[in-house]
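Here subunit A shows up in two complexes: once beside subunit B, once beside subunit C.
Up next is the complex of A and B:
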């Protein structure tokens, strides 16, 4: 039953990860919701415990000890307040989960770039990992597709294809590949594999016939591409969440109990992160990019003009996938970010050492510089993949005028734009636990190359999943905590877009803040850091050919947010290029010095 | 007095043309040799050709046919030949996607060339059974009879993608407007300058003049063909420069003192 938001004053939220269950306590203090305590305990979903609730109880017990507020009953369940005056228990308990590999899905569609891509977008947006995408034009022969389907062990399958009133033959053929292949679900034979059909409504009878009696649990929802001009992902995403709860979670050890404890549906962790970013983007009317870099994968989330996209770069990470990052980016690309005397052989040795001992963290200054260089490339590659995925719909009729004769742009343009980006949020070990905030800001700028004015922030304890679920129950509480406790503001980056010429100015600038002011000219390839405190009033006059958001050469005057780092002026131009050899090393060292990345 | 004529292999008045032709050929051959040796020129992306897959994909998702119109001229027109080259690509993609492709033609020779091209494309795509010769059919040589048929077919079958690749005249707007009205993705290509504005305004993508002729090299990516393109471009650039220089020198000559004192043709008349 939905709780009355006005009666919610104390919230306990947990996020059950693969290794750690994190719990936070949110309390209403002087009318404002704040995150007051945080605790964690090992996740207990695997043997010998095989009960996720044990880890939840342990983490909430630690929370209870830290806060001095009783939150756990003697039987290990979460204690609820029985009256607003009670000083024990909580009003709301919510949880997310990515334990046991999270939600793993296979998607299928008729054309890879159209309905199959929409199906992938729906699955990723719901917080799933997409194991494979089957399409009629994926250049695999039917027997190869069947073989692949048999190899995978997904939690559920999403099938799309055909616009309403459109193709029925191809989408039925897809179903006819999947049904006889009988993909085995991850959670064993007793479990009927859920199939969600979100394709052409005319194909429903044929789909029902194909899956009848085959040990599948078929759910039919609205078409996610009713016309090629419109994408309608909501019903498919909601059904994925429902199936995740009813089938996947119910078959995971202890989750049936956890579901009964929670006051809101348990969500996949990435889905909850996506929800909070969408809520922030909508609430503040801004465009947001969020990134979570882990050991094996990197998740990138974006909300541009209200369109939400998420990608999982499965082979880009800082420990298990570090070798793949170096192979994909190339050693010279990694090495360009190293200002120390380090050759390729040494870099290879460090990569191999990290492969052998993936969970180690840097112990020396050189190791830290190396790891942050790799992270720049991992983030850059993940962002490139994200930009390629987060596009306008393909297969849509274009409207032209005679004026378009020499500028006919293709459909499917990327929605992600460095200039339109307002807020960049970082999370994940290498970003959150960098010894200096300046290093986090520098990694973000080098990898994402924001243009114009962009705020930089980090979610140091990865609280966004908790807040994503909280936003579904109590949006104001989620916003309060997000602004005050979740995000650590790093500062603002001002980066004129354009091609700099060595020795020539890029822009003139002036800034006024509480207790100080400064002005100057930013030269090509120069970086500058201003410690401006909370806020500053900045005026920027870009040179001809450079743009900070109002057009080439047009001045901009606006208030910017500072933070732990401050205001960063980036005169390196876009797109960013670092010269090879000694000159590049000298420049990178100069940037590191300007941003005070390694003051010791 | 008896008048006689002497046979001659060379017309000295047209010697310059021979030089230009030889230079152009040399340029093309040199570019081809360079391309074979590895110096393959890059061609900018041509949106109209890149969108072929998108258009065929749209037809597949919507379960509707693709209409390909290869112009209304015969095979002796280079635009028709270029159109058949693009047809080959469209047919290959349609065969892969198992989409329906309709090709009404207005010349019997074009029908034969189109059939062979589509059959070869289907074979290359590994879908020989997809090829259906009945879908490539002759309609009429009459310009407006043909246009009337194509417009009627659009209204009846509502193709999701329409391609107009070849030589077009007054029927261009009839076809493109009908295609636009039924909501099809439309890709046109022609070198008929008078028809280009109509196509640009009513189609999603238009291959303009040289882009259309470059389609063959662009789609094949073969070094020989790409080298030929570069050779042609170099020759054209040289000719353009010569034209500019000629105009400049002629202008100077008009304003030179000795020329200014000479009476003009009009004045003497």
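Up next is the complex of A and C:
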């Protein structure tokens, strides 16, 4: 079904979300691919419609009306061009989906920190929500594990364990717990639960015997951890995608039809977002973090030195999960970002009211300030979870020197580094729909604490899923659109890493841009915003003990990108701490004023 | 005229109600289509497979896994009691044999020769599904469950905790704006579905639990009280399995908020009638709200309409609405204008809005997302 990329000039892409199906039109204009129109319609996967293609047709019909280009046949299917000259139809139709709760998986591995973690990485990377991770050493007793497996209703199960040629007994034991527990699939009835085995190849016969009893559809793929030193997630990830299409999607109403419409396999939405971020990181040779904060969950994606990781924080979100954010972070952590007087008991009730009526929006300035404070904590917690997960492989034998004896660092260091981060991309309602771009930038900086030079951007209309699938068919088109239309550049943050001392300088700086220049000294706990237009040449000289990327006290001169916000200088040091009480409130108010977050 | 659609909760004096009563897996249906049932009748039952207890027999016997099947004292498939000898090692020249006792009662399900693991399957756990509401069985869903239909008065709450409960309706607060205090709850309320007014206090809830009240339906609850009752902060609104000794249904929201007068009047008009309550709430894809279901005696009247009443639907001038977000959370009013163009809110965001004439005469502009319809 693969199309010749040179013949693809008009693309229709849809993303079928839980509530909305979003369609975009991409056209090749003067040799460059641009996103030209967008439309949306309610998703129709639930009763009474129970057919996802209705929502797709509706959204593409709206696209057709907005663009003036006929894209839908009379029978509701997507119209294709029969010749490059034709002014009707498209050359390519692609789609992603997260409707019906997305892809939900259970994973299992022998050792929690090794094969189980690799299995989790494979599942998350494929776009799944991991409901639970069962491991021989997860501190649950076998009968507790069996009980847990019985309670879950996954779409599929991924089992790993053992290096190739190593011990087979432990992974077989794991399978022997799962098989009699008979986890029931979400779609019930006649559905055979897919089990993907990606463990020690020598254990395959025993695994086949264990799951021979019926009710399972066993698929055996290459070991995802063939040696302790190597992770090989590709085959497991591809099989997850295949099973998602063959089993999960095929059981969702209307998907068999949608699959037949699409010119490329339908991908789970987060899997597609991961793909586009990897393509960008690779294409530009940079390290990227992307975040998508929703009502129920927050996804964090990172690519550092070519290593991709994704985490889903299942109960960190801004509506359904808002109460959980406050419970996990603690109300005092949320309120440290608020510079206005607020009554905590009243706020608690407001949080719960948002949880039970998740579609409401903040009407007052005070409500917005509070909601953005919650979002900082949701993002911060999700990033903490991500950093703990995105690590070097654990269990790898390391050569240690005498110096290491004094180091507390264990194996499995986080790959995520604030200093190495080049680009931070935001998406999701609270970030995308903030009334001021400065608020989006401020939420990102406070939650992610980037160090040194970091570009900040937002995905204006959550186009990354569409582009992720497009990249699999036509990478250049995906890159063109990503750079030109998908990302809204907010600007660059320069944050020296170090511990600031009140009243002391953090760095000297100077900046020249088209039509202006400025210079000064950034003091401890100071924030500064410079409106630099598109680009500026910046020189910063950090004080001793502060680092902007070249080492403590070492000056850096480079060009930075501006954007709708500009250049933000952050003198608050890292890690970021907000003092308690009145002093904290005074500082938060000063930062808000410096970044022009709120109207006067 | 400008129109918009907005969600709402059902509060209906008469609605044709269909309860889908499903087993967690296939089983036996104990009623027939057309049969009349009462709320507590068992309509379907099944046996959930018993719990699995694994035993690492090769370790316990200090033998190779492949020897385990041959060392069982009873064959796979046999019943075994807890502490009954289940396997025995060969010993050394027939001496020093190790005997292992079963750690659970049940059936020996398997003995693995590759891992040396023996699985004991416990006794099946019976599961029964009750009718929940009285009515007629209108559909048998294979061997999975049934559909019960009846004409009922229905009140959907916004949030609840606790599972299904049954009892006669008793009114503790005469006015919808009265707070439900412990002093309003009396011993004759035991086993009842108690109708409060505004916020239910933690003391009232505790008193109700003490007296054995089946459920409380009231306008609001304070989050701090809910936390005190549950023993933890509720993170995600997926409830129904709490075991706090009572079912609670909140009709309006969190905080000091009066029950809508119409809801209170409807519940009060059924004082003494039997009703069913379910506190289960799920606010994610596939929203589930708590319910109070009051079967109507005159089923034959036949003027009931199917579905959820006039609560989810069109906003137009004059429609009654409830404001569901601060700064006017809980206020009631009618739609006075539906401007086409989005407006800039106090927060600085742009959104489509509507003008509401509040009951106190004030006219306020609020986002359309921040209102819900109230059935007339």
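Everything below uses one rule, namely that the second predicted complex is superposed on the first by the 585 of 600 C-alpha atoms of A that agree within 3 Å, B and C clash if a C-alpha of one lies under 4 Å from a C-alpha of the other, contacts with A are read in each partner's own complex, and residues count from 1 in each chain.
Everything below uses one rule, namely that a contact is a pair of C-beta atoms (placed from the backbone, for glycine too) under 8 Å apart; a residue touches a chain by one contact, two chains touch by 3 or more.
These numbers come from a predicted model, not from an experiment.
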- Query: Is A:323 in contact with subunit B, with subunit C, with both, or with neither (first, second, both, neither)?
  - Reply: second
- Which touches a greater number of subunit A residues, subunit B or subunit C? C
- Between subunit B (first) and subunit C (second), which, if any, makes contact with A:549: first, second, both or neither? neither
- Query: If you stack the two complexes on chain A, which partner ends up touching A:147: first (subunit B), second (subunit C), both, or neither?
  - Reply: second
- Message: After the superposition on A, what does A:169 contact: first (subunit B), second (subunit C), both or neither?
- Response: both
- Check the residue A:271 against both partner chains and state whether it touches subunit B (first), subunit C (second), both, or neither. neither
- Query: Is A:137 contacted by the first partner subunit B, the second partner subunit C, both or neither?
  - Reply: first
- Scan A:498 for contacts with subunit B and subunit C and give back first, second, both or neither. neither
- Does subunit B (first) or subunit C (second) touch A:225, or do both, or does neither? first
- Query: Residues on subunit A in contact with subunit B in one complex and with subunit C in the other?
  - Reply: 168-169
- Item | Interface residues, subunit B side, partner subunit A - complex | 45, 47-48, 50-51, 53-55, 57-58, 60-64, 96-98, 183-185, 196-197, 200-206, 208
- Query: Which of the residues in subunit A end up touching subunit B in this complex?
  - Reply: 110-111, 113-115, 136-137, 161-163, 165-170, 225, 228, 394-395, 397-398, 400-402, 404-406, 408-412
- For the subunit C and subunit A complex, residues of the former touching the latter: 7, 25, 49, 51-54, 65, 109-110, 112, 114-117, 119, 121, 158-159, 222-224, 226, 232-237, 253-255, 281, 283-286, 324-327, 329, 345-351, 366-367, 369-370, 372
- Message: Applying the document's contact rule, which stretches of subunit A touch subunit C when the two form their complex?
- Response: 18, 46, 100-101, 142-143, 146-147, 168-169, 172-173, 176-177, 180-182, 184, 206, 209-210, 296, 315, 320-321, 323-324, 326-328, 345-346, 348-365, 367-368, 433, 435-436, 598-599
